[in-house]
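Written below as structure tokens is the structure these notes are about.
As written, the chains take the letters A, B and C, and residue 1 is the first residue of each chain.
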Amino acid sequence: MYFDSLRALLEMDGHGFYVWSAYGISLLVIALLVVAPFRRRRRLLSAIRAGQQREAAAAARRTPQPAAGSLSSEKESLNAPRA
Amino acid sequence: MWTLFHKFGSPPWLYRLSGSILRWLLPISLLALAMGVGWGLLFTAPDFRQGNSYRIIYIHVPAAVVALAGYYVMAIAGGISLIWKMKMADVAMHAAAPVGAALTFIALLTGAVWGKPTWGTWWVWDARITSMLILLFLYLGVMALYEAFDNKAAAARACAILSLVGTVNIPIIYKSVDWWYSLHQPASIKFTGESTIDPSMLYPLLLSIIAFYALFTCCLLANMRAEILQRERRTGWVQRLASENH
Amino acid sequence: MTETTAPGAVSFCLRLLRRQLTLAIRRPVAVGNPLLFFAMVVALFPLGIGPAPETLAGFAPGILWIVALLSNLLSADGIFRSDFDDGSLEQLLLAPQPLYLSVLAYVAAHWLVTGVLLALVSPLFAAMLDLPVVAWPSLAAGLFLGSGVMSLVGGIGAALTVGLRRGGMLISLLILPFYMPVLIFGTATVQAALDGAPVQPFLALLGSMLCLSIALAPLAISAGLRISVDA
């Protein structure tokens, strides 16, 4: 550790504001960059699910029998990665 | 070889592969970033001329290096999509643009913040800064062109052409900006040479650069996964995927 | 050759060029617009930065080049626009003649009615901004070569955006970065003439950029046109 104390680390001989703000903003941008695609993927998946439920409900209204067999038949092929 | 190539064209295969890559690459790259940045921030000695402000180098240089490399990744993906009509290369190209633009932005911003204590001004029309600004414009141009098309297949091909034109032009732009700067170099600002960097400062920098490359790959893959889902939302495998994980 | 009735590639190109020029001359106001724009923006600078002759003369190389760049940019949008709208571009893409040469004819027509014309009248505007007479020939020569590069690069942007309804602003964002080397060496040419330095190296650089863009830009333009027509 180069700095003696937390205070020295934060101040960095007067350059602390510049160094820490540069790091802060950069890490914020990187965090947004990393999180955004995961959020987008989750939103898409839930939108697709909502569409499926709407369609299922519409199908149920048209024909009274439950039509759930087609969706759960082929589960083995996709090991869905889930964060 | 060709079977692998064809596999890359298959969205479900790529989606699963990128998922399993991300699961170990993302933690590793975040750890490497934390280590590189922490090492640079906490354990290295200050520069004898610039003092502690030089510590910005551990985020400025990696961002700049990877931002430039990202443009070539985007252009190569665009070239592949143009030549072999590979849809997944389109996806990669479109996924690379925002990541590259964000990294260019980080490089410019940290450069400006670094400039204030070092040169006494936020912004200098220095050759490298100006080139990075032009790189940002090139990224934003590709993104704007993509958004302008309603037909996304045409958008991808148009962006591929634009990014290829950009790759031809980037060396010319860099050389001319460099030359322009040497012509107008103001005498008041002295730049420290980079050639003499102490190993104790170099190793955290290298680690940080590797971490940025890895993070770029992660963001690229994660963006690609979202984009693949968006494009394939009507297909059976995406429907099954959505119904499976609640 | 199997198609004996179709004209050869070169004569086809010359016909295209003549057609474009005829179309341009039939609407002289459209040809005059970039020049008028140039004159108006040049008139803005003394209002904006003050009328002192020495200040103006100092900024003149940059001002003249930037305004030339902007007027070229604004007219670049129209290179393929009308032919795209009336469908003759689609015919051109189906024609047996190489598209490389055909798009070169379109760009050459644009260059002749904007860039070359601007280069010819540039001494007038140079005089208005108090640029010394020694720099006038190099300004005109630089504009002559540089506007060729700008028309070719602008053609790429025009080809990519011709199918879009709101292409006007977008084309500027796409191609302005590619204009920057031309701007740098164009102003350097004028500056060299002002300083009494030899201008040939800069003109040679502009000429080599022109050669490179003649070689490569038509490829990008034709690919862009195919995308825009398909989309």
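Simple rule for what comes next: a contact is a pair of C-beta atoms (placed from the backbone, for glycine too) under 8 Å apart; a residue touches a chain by one contact, two chains touch by 3 or more.
Which chain is which protein? Per UniProt: A = Heme exporter protein D; B = Heme exporter protein C; C = Heme exporter protein B.
These figures come from a predicted structure and were not determined experimentally.
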Exercise. By C-alpha centroids, what is the most central chain here?
Worked result: B
For this session: Have a look and report which chain pair racks up the highest count of C-beta pairs in contact.
Result: A-B
Problem set entry | Chain centre separation (subunit A, subunit B; CA means) in Å | 20
Exercise. So how far apart, in whole Å, are subunit A and subunit C when each is placed at the average of its C-alpha atoms?
Worked result: 47
Seminar exercise, completed: subunit B to subunit C, mean C-alpha position gap in Å, rounds to 32
Seminar exercise, completed: Residue positions on subunit B within touch of subunit C in the complex are 82, 134, 137-138, 140-141, 144-145, 148-149, 151, 154, 157-158, 161-162, 164-166, 168-169, 172-173, 175-177, 179-180, 183
For this session: Write out the stretch or stretches of subunit C touching subunit B in their complex.
Result: 156, 160-161, 163-164, 166-167, 170, 173-174, 176-178, 180-181, 184-185, 188, 209, 216, 220, 223-224, 227-228, 230-231
For this session: Over in the complex, which subunit A residues touch subunit B? Could you list them?
Result: 1-3, 9, 12-16, 18-19, 21-23, 25-26, 29-30, 32-34, 37-38, 40-41, 44-46, 48-49, 52, 71-72, 74-75, 77-82
Problem set entry | Touching residues on subunit B, where the partner in the complex is subunit A | 12, 16, 19-20, 22-23, 26, 30, 33, 37, 41-46, 51-53, 55-56, 59-60, 63, 98-99, 102, 105-106, 109-110, 113-114, 116-117, 215, 218-219, 222-223, 225-226, 229-230, 233, 237-246
